[in-house]
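The following blocks contain the structures, represented as C-alpha cells.
Shared chain: chain A. Partners: chain B in the first complex, chain C in the second.
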Partner chain A sequence: MRTRQLAFTVAHRLAILAYIVFALFPLFWLLKVSVTPNDLLYSEGVRMWPSRATLEHYTFVIAHSAFPTFFKNSLIVAGSTAVTVTILASLAGYALSRFRFRAKYWIVALMLITQMFPLVMLVAPIFKMLSPLGLTNSLTGLVIVYTAFNVPFATFLMQSFFDGIPKDLEEAAMIDGATQFIAFRQIILPLTLPGIAATLGFVFTAAWSELLFALMLISGNDAATFPVGLLTFVSKFSVDFGQMMAAGILALIPACLFFLLIQRYLVQGLTAGAVKG
Partner chain B sequence: MTYAAHPPATKPFRKRFADAAEPYLYSAPALILIVAVMLVPLVLGISYAFRDIQLLNPFSGGFIGLDHFRALGQDQAFFRALRNTLWWTGASVFLQFVFGLILALLLDKPFAGRGLAQALCFLPWAVPSFLAGLNWAWLFNPVIGPLPHWMYAFGILDAPNNILSDPQLAMWGPIIANVWWGIPFFAITLLAALQAIPRDLYEAASIDGAGPVQRFVSITLPFLAPTIAITILLRTVWISNFADLIVVMTNGGPADRTQIVASYIFTQAFKRLDFGYASAIALVLLVLLLVYSLLIVLLRQTLLNKD
Partner chain C sequence: MASIDIEGIRKSFGAFPVLHGVDLAIRDGEFVVLVGPSGCGKSTLLRMIAGLEEVTAGDIRIDGKRVNDLAPKDRDIAMVFQSYALYPHMSVADNMSYSLRLRRSTKEKIASAVSGAAAKLGLDPLLERRPRALSGGQRQRVAMGRAIVRQPKAFLFDEPLSNLDARLREQMRAEIKKLHGDLRATSIYVTHDQIEAMTLADRIVAMHGGVVQQVGTPLDLYDRPANLFVAGFIGSPGMNFFEGRYLVSGDHADLKLENDVTLPARRVGGIESGEPATLGIRPEHVVITEGGALEGRVDLIEPTGFGIIMHVTVHDVPLKVFTLNRAMLNPGATVRLDLPRDKLHLFDGEGRRLG
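What follows is the complex of A and B.
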C-alpha cells in the first residue's frame, strides 16, 4: 500500500513538472533569442543557449527606440481600462447578483451575445464613430473601446464573486438603517477585494496585449501601444528578431508580474462563488 | 376594487420607484457603454453587409441587397474556411479542456510549493497572443527552433521540416500554440469549481467503499458539469472568433489550409479592403455562433431541470 502511494506521489510531481516545463519552455526560447548576438542568431539557431550571450538588444531597445513611449502608453491604457472596467463591472455584477428585476435576463443575454461578435466587424463602424469625436489616435479612445469590450466578462466574474458572499451581511446593515448602496460600498466591496484584484489583473492583461484595435485606431508613434510598436520591428527593411524579442520580454514583465500576483485570487474568488453561471 | 384593499403598509410611490430603479442604476453605466461601443457599431456593421463598401473605391457605398450573400453561397474559399473553423475550434477546445482538467486535478491536491507551481502553470495566459504566435512560429522553424528536430528524433516527422509549411500538418501549429495559451483559462475555472466541492462528500464516499474512479464519476463530474458547460460555451465562441495566432503564424496558408472564417474576414477587410463582403461573412459567423450557444444553453437547462 505504501509503495503504491509513493509511486502515486512521484507520478503526481512528475506530471506537474512536465506541465511547468511545457508552460515555460516557449518563454525560455524568447529569452534565449533576445540574448543571442545577431551574428549567431542563425548559426546557433537550435542551440539551447548561445555560446556568447549579450544584452545589447536590450540596451538598444531601451536607449535608441520609441519603445519607452510605447511602454508608457500601454501602461496608461491598460491601467485605466482595468480600473474603469472593475468599477463598472462591480456595480453591474452587484445588480445581477443581488436584485431580481425584469430586465435581468435581457441584460445577461445582451452581455453573452457581445462575446460572440466578430470584432473585425466592429472596426470600421467604431472608427467612423470615434473619428468625428477626435478619439482616434488618442489613448482615451482606446480606453473607451477596451472598457466596453471587457465589461461583459468582468461583470460575470464580479457577479460570481458577489454570489459567494452571504446576503445576511448587508441585510443586517440595512436593518440598522443603511441604504443598500452604503451596505454595498462599506460591507460587501471590502469582502470582495480578492475578486476585485482578480478582475483588475484579468482586464489588465487583456488590454495590455490587444493588437487589432490598437493597430486600427492609432496611427503614428506618439499614441502607439507596445503590441503595435513590436510590429514596427517587422515592417522595417529587415526584421531584427533579437531586438524584437528583447522588446517582447520587456513587455511581458508587467503583464506577468500582475498576473502572478492575482492568479491566486482568481481561483479563490471563483471558488467562493463557484462559476455556477 | 376598494381603496381599503390596498395593504396599509404600502410604501409611498417615490420609495417604490426608487427601489425598482435601483438595479437599473447599478447596471446603467456598463449597459450604456456596451450599447454605445458595441451594439451601435454592430448594427452599423450589419448594415454594411447589405452595402457595397470598398475602402479605396469612392463610388462604393450603395445598398445592394443580398448580393454579398449570393456571392458567399458561391465562395468555395468560404466553405473551406468554415470546415477549417470547425477543425480548429473543435481540436483547440477539446485539447484545452482535457489538459486544463488534468492540470486542475493535479493542482487540487495540496503539496509543498503548490502556489508557485500554480503560478508558473498559469503564466502562458499572460502572454500577449500575437507574441505567443510569433514565438511558436520560431519554435516550429527548423533553422531557429528546436521542435522540428525533436519531432524528427522521436519519429513523428520524416524529416526536420517546418510543419507550418506542410499543407497536411500546418493547422497543428496554431492549434498547439492555442492549446499552450488557453489551458490556464480552463485550469483556473475548473480548479475553482473543484475547490468548491465539499470535502466531506469524498470522505463519506470513501467510507462507503467507493474507489477513486467511482468518486470522480459520481461526485466530481456532476459538481463540475455546470462550470464545464459554461466554460466550453464561452471558449468555443472566443476561439472560433480568434484569428490572432493564425494571422501571425501562417496567415491562412499554405494553400488556405489554415484559413478559418475569422482570419478570412480579416483578409477580406484589411487586405482587399472590402468591408461590405467582410461584414456579410461576419454576420453569417455571428448567426452560427448564436445558434450554437442557444443549443448549449437549452441543453444545459434540460440537464439542470432533470436533477
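What follows is the complex of A and C.
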C-alpha cells in the first residue's frame, strides 16, 4: 500500500512537472531568442542557450525604437479599461445578484448573446460607428471598445462573487443604520476584494494583449499599442526576431507586476468567519 | 423601548401567500416568541417588522408610528441573525460600534457603549479579534453585543441559537433571559424550538400555515391549547390524541373510537352527542396504576435519565407515557393505565378546543 501511494504521488508530481514545462517552454524560448546575438540566431542550430548572450536587443528596443510609446499606450489603454470595466461590472454584478427587477432575464440573455459573435464580424460596423465620432486612431476609442466587450463577462464574474457573500451581512448593516449603498460600499465591497482583483487582472490582460481591434482602429505609431507595435519588427523582407522577443519580454513585465500586486487578494478567503461555517 | 402593533398583516411572494392576516399587539418591554414549524411564516413576519420584507397589506406600528414604508435604518430596531452576520473584515469592537459610527456618535460615547456591552457579555478579552477567530458561542455573543450597544426601540431575534450545540444553547437561553430582565427591552424572538419558546416568553405566538393559532402565556398554551396544532406542537414528548365520536350519557361523556372501544371523556359544551371529536392527553399526565381501566401493550422504552418515555399501544392506538418511576424500565409486556378526566383535552371535528 505504501509503495503504491508513493508511486502515485511521484506520477502525480511528474505529470504536473510535464505540464509546467510544456506551458512555460514558449516563454523560455522567448527569453532565449531575446538574448541571442543576431549573428548566432541561425548559425548555431537548435540549442537550449546561445554560446554568447547579449542584451543588445533590449537596449535597442528601449533606446531606438518606438517601443516606449507603445508601452505607454498599452498601459493607458489596459489600465483604463480594467478600472472602468471593474467599476461597471461591480455595480451591474451586484444588481444582478441582489435585486429583482423586470427584464432581468432578458438583460442577462442579451449580455450572453454579445459574447457569442466572432469579433471579426464586428470590426467593420464598429469602425463605421467610431470614425465619424473621431474615435479611430485614438486610445479613448480603444478603451470604449474594450470596455464594451469585457463588461458582460466581468459582470457575470462579479455576480458570482457577490452571490458568495451572505445576504444577511448587508441586512445586518441596513438594520445597523446603513443605506443599501453604504452597506454595499462598507461591508460588501471589502469582502469582494478577491473578486475585484480577479476581474481587474482578467480585464487588464485581455486589453493588454488585444490585437485585432488595435490593429484595425489604429494606424500610425503614435496611438499604437504594444501588440500592434510588435508587428513593426516584421518588415517586408525580414523579421527582427531578437528585438521582437526582447520587446515581448519587456511587455510581460507589467502584467507580472500587476498580478504580483493583486495576488494577495486573489488567494485571500476574506469571508471566513462571517457566518457559521 | 416601544410597543409594536401589527394589524391585518398579509404577505405574498408573487401569487403565493405566506401570511394570511396577522394581528398582534406587543406591549412595551414584553418578550414575545413567535413559534411554529418551518415555513409557518414566523421569520417572514419578523423580517417585515425589521423592514427587510415589504408588507403586502396591513399596518405595522412601532411606538404608535406607522413604519410600513420606512427603511430598516429608520426604524430604530436591532436584530440578531441565525447566521450572526458579523462583518468579517472588522474586529469585534468595530462590529459592535458600526451602528454608532454610522450615526456619527462621539468617540467617547462609542467607547463607553462598547465597553458597557462588552462587560455585560464578557467580551472584553475578544474586542480586537476578528470574527473568524471566535468560537460559535463567542460569535453569538458578539451578535448580541452588536444589538445592545445602541439602545434600540426593540430587539428582533431570528432563531439566534439554532447554530449552537445543545449545551451552549441552554446557556445562551438563560443569558438572553437575564439580559431581557436587565434591559426590559421589547423583544420579538423567532424559534421553532418550543422549549426556547416556553422558557423565554412572556407571551407565545404559535403560528402555523401563515395563521396565528394562539397567543398567550407559555402556561396558557400548555394547559389550554386552543386547537389541535398548538396541543401537538407545545410539549415534549408531544400530546397523545384519540379520534372518535363524542357520546353523552346522562352526566357522563365518552369517546367512542372506531374500533368501538370507549374512553372516558369530560362533559363539555359546544358539541352534540355523536359528533366527531379528538381527545388529547399529555404523556406526563397518563397514570400507570395496577387498577387502571386500560390495558397497554409496551412497545418501546426510552430512558432519558430524568424519566422514562414509554411507547405503548392501547386498543390499537399508539400512546406515549412519561413517568419518573424507574421500575418502568422493565415493565413486562403490558401495563395498566388511567387517563385522569381532569387532564383531558377535547377538540371538535375542526380541531378547536372544547370546554
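Observations
Criterion: the second predicted complex is superposed on the first by the 251 of 277 C-alpha atoms of A that agree within 3 Å, B and C clash if a C-alpha of one lies under 4 Å from a C-alpha of the other, contacts with A are read in each partner's own complex, and residues count from 1 in each chain.
Definition applied: a residue touches a chain if its C-beta (ideal position, glycine included) is under 8 Å from a C-beta of that chain, and two chains touch if they have at least 3 such contacts.
Please read all numbers here as calculations on a predicted model, not as lab measurements.
When the shared chain is aligned, chain C comes close enough to touch A:M174, but chain B does not. Residue contacts after overlaying the shared chain place A:P166 against chain C, while chain B stays out of touching range. In the overlay built on the shared chain, the residue A:A148 is in contact with chain B alone; chain C does not reach it.
With both structures placed on the common chain, the touch criterion links A:I187 to chain C but leaves chain B unconnected. With both structures placed on the common chain, the touch criterion links A:M121 to chain B but leaves chain C unconnected. Put chain B and chain C next to each other and count what each touches on chain A; the higher total goes to B.
Legend: residue contacts after superposition of the two complexes on their common chain; A:A15 is shown touching chain B, with no touch to chain C. Once the two complexes are overlaid on the shared chain, A:A66 sits clear of chain B and of chain C alike.
Shared contact residues on chain A (touching chain B in one structure, chain C in the other): 270-272, 274-276. Across the complex, chain A is touched by residues 20, 22-24, 26-27, 29-31, 33-34, 36-42, 44-45, 48, 53, 102-103, 106-107, 109, 111, 115, 117-132, 134-136, 138-139, 142-146, 149, 180, 183, 188-189, 191-193, 195-196, 226-227, 229-231, 234, 237-238, 241, 243-244, 262, 265-266, 269, 275, 278-279, 282-283, 285-286, 289-290, 293, 300 of chain B. Across the complex, chain C meets chain A through its residues 50-52, 71-73, 77-79, 81, 83-89, 98-99, 102-103, 130-134, 136, 139, 146, 163. Looking at the complex, you find that chain A touches chain C at residues 166, 168-169, 171-179, 182, 187, 190-191, 270-276. The touching residues of chain A, counted against chain B in their complex, run 12-13, 15-16, 19-20, 22-24, 26-27, 29-30, 33, 41-42, 45-46, 48, 88-89, 91-92, 94-96, 98-99, 101, 103-104, 107, 110-126, 128-129, 144-145, 147-149, 151-153, 155, 180-181, 205, 208-209, 211-212, 227, 230, 241, 244, 248, 251-252, 255-256, 258-260, 263-264, 266-272, 274-277.
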